[in-house]
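Structures are listed in the sections that come next.
Note that chain A is present in both complexes that follow, paired respectively with chain B and with chain C.
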Partner chain A sequence: MEVVDKSRRYDRQIRIWGSHGQRNLENSKVALINCSATGSEVLKNLVLGGIASFCIVDNAKVTRRDLGNNFLVEHSHLGESRAKVVTALLQELNESVAGSYVEEDPSTLMSSNPAFFSNFTLVIATQVHELETVRLDELCRQMKIPLLVARSYGLVGYLRVSVPEHLVIESKPDNSVDDLRLHSPFPELLEFVNSFDLINMDDLMHQHIPFVVLLLKAAEKWRKLRDGVHSSAVPSAEATISPVCASKDRAMLKDIINGMRRQSPEGLPTDHANFDEALKAAFHVHSPPVAIPSEVQSILDDSCATQLTAESDDFWIIVSALKSFMDNEGNGQLPLQGSIPDMHALTDLYLSLQHLYRDKAEADVSHVEARVQALLKKLGRDSNSISRETVRLICRNARNLRLVRYRTLMEEFGGESSSNRGCSVLQIALHGEQSSLHEAASVYVLLRAADKFFAAYGRYPGCYDGQIEADVPALKSLTTQILNEVGATGSSVSDDCVVEMCRFGAAELHVIAAVMGGMAAQEVIKVITKQFTPAPGTLIYNGIHATMNIFYL
Partner chain B sequence: MEDRWHDIDLILNRAGNLVGPGFEPGPELRDLLQSDDTRVLCVGAGGLGCEILKDLALSGFVNIDVIDMDTIDVSNLNRQFLFRPRDVGKSKALVAAERINARVSGVQVVPHHCRIEEKPAEFYKQFTVIVLGLDSLEARRYMNSVVCSFLGFEDDGSTDFSTIKPMVDGGTEGFKGHARVIYPGYTPCFECTLWLFPPQVKFPLCTLAETPRTAPHCIEYAHLILWGQVRQGEDFDADNEEHMQWVYQRALERSQQYGIPGVTYQLTQGVVKNIIPAIASTNAIISAVCVLEAIKIVTMCSPGLNNYMMYMGSQGIYTHTVAYERDPKCPICSPGVPLDVEQSMTLKEVLDKMMVDPVLSTLLKKPSVSYGSKNLYVAQGIFEADTRVNLQKTIGELVPDERPILTVNDKSLSAPMRVMLRFTDKMVM
Partner chain C sequence: KLDVVINALDNVNARLYVDSRCVYFGKPLLESGTLGPKCNTQMVIPNMTENYGASRDPPEKQAPMCTVHSFPHNIDHCLTWARSEFEGLLEKAPSEANTYLADPVKYLAAIRQNPDAAAREQLEKVVDLLVTNRVKSFEDCVAWARLHFQEYFHNRVAQLTFTFPEDATTSTGTPFWSAPKRFPKALNYDPKDESHASFMQAAAILKAEIHGIPRPAFAESAAKVAEQAAKVHVDPFVPRKGVHIETDPKAEKKASLPVSADDESIIEGLISKLESTKAALPAGYKLNPVQFEKDDDTNFHMDFISGLANMRARNYSVPEVDKLKAKLIAGRIIPAIATATAVATGMVCLELYKVVAGDKKIEDYRNTFANLALPLFAMAEPIAPKQMRYKELNWTLWDRWTLEGDLTVQEVLDWFEAKGLTAYSISCGQSLLYNNIFPKHKERLGKKMSELVGSVAKIEIPSWRAHFDVVVACEDEEGEDLDVPLISIKFR
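Up next, the complex of A and B:
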């Protein structure tokens, strides 16, 4: 088989998660339970992405139904082991991925050889009954292995990550405000700004002064005018992050900036790009974004950070150091991010400004590193065990740190302890006005009811034409039972959805398997690469109305 | 023994309350899906196209065409799963069709290895529904204008529903994507919502030439300025490795000259080719959502998407659906862009007015005009001389109707456009 240059093959995805993310993928071993259409689609996407290996657990044989909904089987394979066939056809997609299979009933395997699952980086369970997923979840939690559960059912689907705690340093949000500190400029930045004499410089230079300088000069004038204070003291972070800035104050700042423009020979104000950029960035001065985003504040306040032990994860030690940095050298701010956006400016001026921010950010890293080492010493750990590189990575991403905790499936599905949370979430959805949320909540309850139906009758509702009519009320009463169990008595699911659920007859449609397979693979990649933020709850996909909702249950 | 299509049949054979308008459950529905009368076109055989073809074939569609002008590249292999390393260099459409036909027995995928512009309008007219797996705005606009050109209107300007050719359009970029359903003349067409797509940002020339600050500036300098100066007469070819290496080296030199960090070969390729990062999972999701909508269009088995769904998968999973509205003045899908004229104006004056109209002037260069089957003025070619005489005739004389809809043709248009004349000097009862 031809071997392809990996950096070329994976180029389009390395541009998303970098070579370190790709390395994580290429080192991961994944187990899949059931390779019907849904499981096959999940694995297809992961194999294409370059995981190290996969192992399929499935004792089914290829049937005619598989030919109708699964791309990873062929007509000539009818009657053969489905796991064997899917394994072989998946391997054709990527010669670097190793595949194997175990032709056993997953349920039996969980009892007879639970240690089997400890070989894997992550386990994926598809089309598994609720009772079995709870068992599997317990097993995976014991072994500290992340579990992903996915289900396709008629035109709807269910997806859930299950892991006690998932830490994300590089969440890489799509929109992140630049960390320019224009509301509380640090000394080196002010020194740079003060080195410019805007009045006396030549026109060419004036047009190419970085907006950061213009804006800070304007800000100084603005504060004096607004506060009536003749002070050039650097305002502290707390003082300047004031409640919503009045519109007249915003207008005043805008006027000051425009007033700094030079005039054309005809006496009209010029429209140079750097001034336009200053106007666009004025909010940094008058309405700066919150210094500590709430998700990050929760992490800083988490007991894992405040109660360190020698066994604490490196992440929590660094977070604790971040906190004490903020209380001291940081002046209530997180470490400076260090990058600046491109802006209209002379090359040298821009590069000087860029170096200034980079140096300051690196100085903050040094402070945090020193505190990390002090903590390590106090905890009796080797001071080299956390590298400066790791500290730097967390400092640069400090404003975007994410922590997701998932309850166990037992907590989601069972008993009294879960009832408060699940109850209110479902009650709100089922009593609310929003139809798509109502329908998604109905689907969630109905999926659980379908599994209860199977447990009671040995088949899924509506799988036989002649029994649909009788199955509808039986399924409905099971939804009432579930809602009672979670303490949401008095709520009810949509009757149309009950009928629809029976209509589905537990069909596994390829298109739905493909949607769920795509999303499941996406979430697996996030967990493995530790980049981007996994869906923090239970996802319900509703193909009837093309909606997706996440429930925190 | 259960049939191969057992799962699809469960949805098609049973009545329900959450179904599309006019849904008639029963075995005839799958017969319709699989009949010679039902043909689907998949435009594109790349990241979306491969998935769309698979999804269509495994949803019961039999007569599928696929069109794509591209050949297979190594960088496609992380998601375009129908292709293997040994296929590099071959036609995407041809290989994709071959693989689907081999894997799914009974399906007949017919490939077309050519540009979408090379097919006549009649080619597109034969399909029941068209699914787009494209990666450019221009290609989408082209397909949109072709499909909208099939539209017929009643006298009162309402759409003749029998002329509607539905289209499903998908797009992805990293963890983001969209799926939309277009019923031309009913939902907004692509042109109606062109404002959704902000113009691509280009670096100002003075930045590239005089004040570069970032690595991309150095790269675009080498690509857009230096190449033309140094390698005159040679067209830059982004797929030519020697060309790309040349640009990279010059960009690197420039960056070193200015002290700018960050120029790498990978970044050079990304900037010059405008590479959009792509992964299998997003393509799989969006394609499947699109094909599900195609199934709904043909069978009415479930309510259709109304009409634009955005998908965001990088921070959690989030979708948002908007029911955009048609632009009643859309030059592509409305009964006609309105133009106020006087009956006493000459045809030439009417044409001149078109050329200064804020909407029409952006689309036309040298328009030809006809009314029904009658050529009023043909701007180029052998009929120019014959029709020139009409330019001096009044429009009232040439087109005696109340609210005439003129058909405007122009080289710069991909399909004819409609302009509806409103006579300001005539009493309309």
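Up next, the complex of A and C:
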């Protein structure tokens, strides 16, 4: 009954990440540091999503400030433990999520009981000073636990995932091109194509030949004409075409396709839909999609795949198997996806074609699976420890595999040398012409200056009324200091921005917390479900100009 | 009395309605929506931006009826069909029978008054439920399920392929069964097939529910119901000639059939059947129509629908779907997640501050489109309303033209005439006050507009109101229709 109940409750999100994604969520234990507005918002979204459990680390008491920006505290809670009341109200949202809290200063907890964090699938730090996040990041990396840092500050926000390596099998791109192998047909497909005699078939058949067949026939002629090669009548499976193709070559292919049309009794070319489809798909032949997308190529070439050990992740073993498949049976191609789009064709022809692609895809899976088993054996592991299901999932999604590696927060905030990758990203943004990018980089620098201000004065700039103007020069000089640190000497952050930052007084506004909480929770879900690609860098949200930028820091 | 309206609606029609009211009253509207990981927000500010209705997404695509009925080529078609069969069989027909049972005399009198083909079809359903195929035991329900299986997945398909054999051609000589049409195969009942068995179980249980027949213990097992069903006698299929099957994709619904002499005599025959068996029905006999409820997993509704859809998918070699996917399509469930909603909420509230602060320019506002999956965020200034121009006149959808005085229809026409426009129609609410194509309306030219609002539109203007609004349709000098603002007549 419980299972049925859950699939109903989470029905609308299972549509997005599937029941396997939901299962991952339901097995995840999440720790949250600080449950002010931003943290409460993140957790609210995850509790609604159905994580297994959460634990809040926060030693604050509920103050009037919380009443103004946090829905998960009530007036009667003033003076009570914030972690306790937020935990109680969050649990009301979803009784199948277990909630607990630790009323302790997060920074003290990191020193006194670092092992505490090893209990979790993922740690979320909100409204935490940069020095503390650096410590936490080190701790989480040691324990191999992903960390997410989110912060709302006045009308701006900061968001960053930190994990050494995140692999995505189901990146679910918005638009994908059908994998039909029209530029390099496999032998079974060619055999199918060659079984048709376009010249001698009757009109009815001619109008209902799948466009795949028409296009491959045309491609054969086209290739001969273009290359001036007269030898083999059958194009070889290895024959691939250079991706660069002149417009006259493209026109030639279209002419060939149109030339294959039959004429109506009035002597006009007929306009049957299968030919139109062939024309539309002609780009598959003359400008084929790159056989291996660059993101996938870099995964194949990654040292994790080329230097396997007995401890290697299953993913890397499969990637390694993919690579050797491509070097051998695959003829340089990734495994076939195996599905085909709807097309104008006689039903039985369509079905034969569908089987052809599906069988080929399954054959590819078998080849990869055999190679996976061989690799496992070589590594001294159980050769059946990776299921065909898993191999198939990776084969089907081979073109969309993604790998994101995040630098440590120490590397992001360290900034000792200007050769640093993060520094150059900021330099470009700050020197650049694009105003929204300049603004975003300014916000980033100012957030760090505010933390420096805190380190120096024990409070954030502008947090007391009447001191806003007095704090401006101090923040400005700290800003210049950071600009120098990141090697952006000479560039500047506008005075308006500095004043605005002081005016924020480190206030946490609920609207910004809602936006940051929504995004942060979605990033957490991506990391936990391993679906969709998380933002690959530091995300800066500017609520004043309504812009969002990602910096690879 | 409101300062601002914030929408949190789940469908386009409701949004359009609120939008139209906000435009009418000149109120700011903060509109938002989510679809899976995507969300968007749109600010509608009076006299500054375009309204929500100004830019619309294309309406949802619906498959033509003939595709759904005879030529499905994807699972959506099969599910649309299954959903409509569910409604007809389990909800509409029993309701119709109940209307008869509640007051047979009145019901039959109504049928006799209008004895057309539609009435005949309705009556046939009632006779089928109460006389010809009235079920009395759960075994009858199983037989009913089995015979429906035969009819749906064997006989109808066999008839279709008899009428249009695989090599049939159309009038232009092309093969009838060409893409996207798929040549179907009839299914033969197999109690060992899990999908067949689960359909039998769901169908028998729902049928029993309609007729108030208790569910025996063996009904809990799909396999046992399936075995029972295998014992049901099924007549071999004999194809009929001259059957009409709709093949025109443009035929939206069943065209209303003309009344034929046949219908009347058939109806009389059906009525006498009903009358003669009336006594056999238990006193107070009533059916329980089934209302589709997708979210109760124990009610067999989705089992019935996904069973119907998947069997049909098998007929047409369309890939089948699981119950969850079936529910998504049949229930028109839009994927939704808390994260996208939270972001939309934040974005809207941020704009709300701007509305409340007042004195803002269009470039201060932002519409958002975000996709958290990528993640992608695109924010842009709202679009200004379309400026309409005619001669020296300038207006947008936010404007209203106010005419002073207790004017006659002629005076209103003259007012337009003076601007170089020909007003040809004036309406108020749902009522037409004046249109120059009706000769009779000439008499109204001298009448006061305020009087017509009362006498024709039957709208009583409260004593505290000094104006009423009318919609005027007019043409410019070239005879082109022009969208003009609402006309407000300040008559006192």
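Just so we're on the same page, the second predicted complex is superposed on the first by the 515 of 553 C-alpha atoms of A that agree within 3 Å, B and C clash if a C-alpha of one lies under 4 Å from a C-alpha of the other, contacts with A are read in each partner's own complex, and residues count from 1 in each chain.
As a working rule, a residue touches a chain if its C-beta (ideal position, glycine included) is under 8 Å from a C-beta of that chain, and two chains touch if they have at least 3 such contacts.
Fair warning: this is a prediction, and the values are worked out from it, not measured in the lab.
Partners chain B and chain C, brought together by superposition on chain A, clash. Shared-chain residue A:351: touches chain B and chain C both.
In the superposition on chain A, A:185 makes contact with neither chain B nor chain C. Shared-chain residue A:288: touches no atom of chain B or chain C. In the superposition on chain A, contact of A:71 is made with chain B only, not with chain C.
Of the two partner chains placed around the shared chain by superposition, chain B is the only one that A:154 touches, whereas chain C remains out of contact. Using the contact criterion defined above for the overlaid structures, shared-chain residue A:500 touches chain B, although it does not reach chain C.
For chain A, the partner touching the most residues, choosing from chain B and chain C, is B.
Contacts of A:207 after superposition on the shared chain: chain C is touched, whereas chain B is not. Contacts of A:546 after superposition on the shared chain: both chain B and chain C are touched.
Contacts of A:514 after superposition: both chain B and chain C are touched. When both structures are laid over each other on chain A, chain B collides with chain C only at 362-370; the other stretches in 218-226, 254-262 or 362-370 stay clear. The intersection of chain A residues touching chain B with those touching chain C, taken from the two complexes, comprises 4, 8, 11-13, 15-16, 41, 44-45, 48-49, 172, 174, 208, 273, 342-347, 350-351, 510-512, 514-515, 517-519, 521-523, 525, 532-533, 535, 539, 543, 546-548.
Across the complex, chain C is touched by residues 4, 7-8, 11-16, 19, 41, 44-45, 48-49, 172, 174, 203-204, 207-208, 273, 342-348, 350-351, 510-519, 521-523, 525-526, 532-533, 535, 539, 541, 543, 546-548 of chain A. Those residues of chain A that touch chain B in the shared complex are 1-5, 8-13, 15-16, 37, 41, 44-45, 48-50, 63-65, 67-71, 74-75, 92-95, 154-155, 159, 171-174, 208, 273, 342-347, 350-351, 462, 465, 468, 495-497, 499-500, 503-505, 507-512, 514-515, 517-519, 521-523, 525, 532-536, 539, 543-548, 550.
The touching residues of chain B, counted against chain A in their complex, run 1-8, 10-11, 13-18, 51, 54-55, 58-60, 74-75, 77-79, 81, 84-86, 103-105, 174-176, 179, 204, 207, 211-214, 217, 258-260, 266, 269-270, 275-285, 287-289, 291-293, 295, 302-303, 305, 309, 311-319, 321.
Residues 36-37, 73-74, 169, 173-175, 177-180, 182-183, 295, 297, 317, 324, 327-328, 333-347, 349-350, 353, 366, 368, 371-375, 377, 379 of chain C are the ones that touch chain A when the two sit in their complex.
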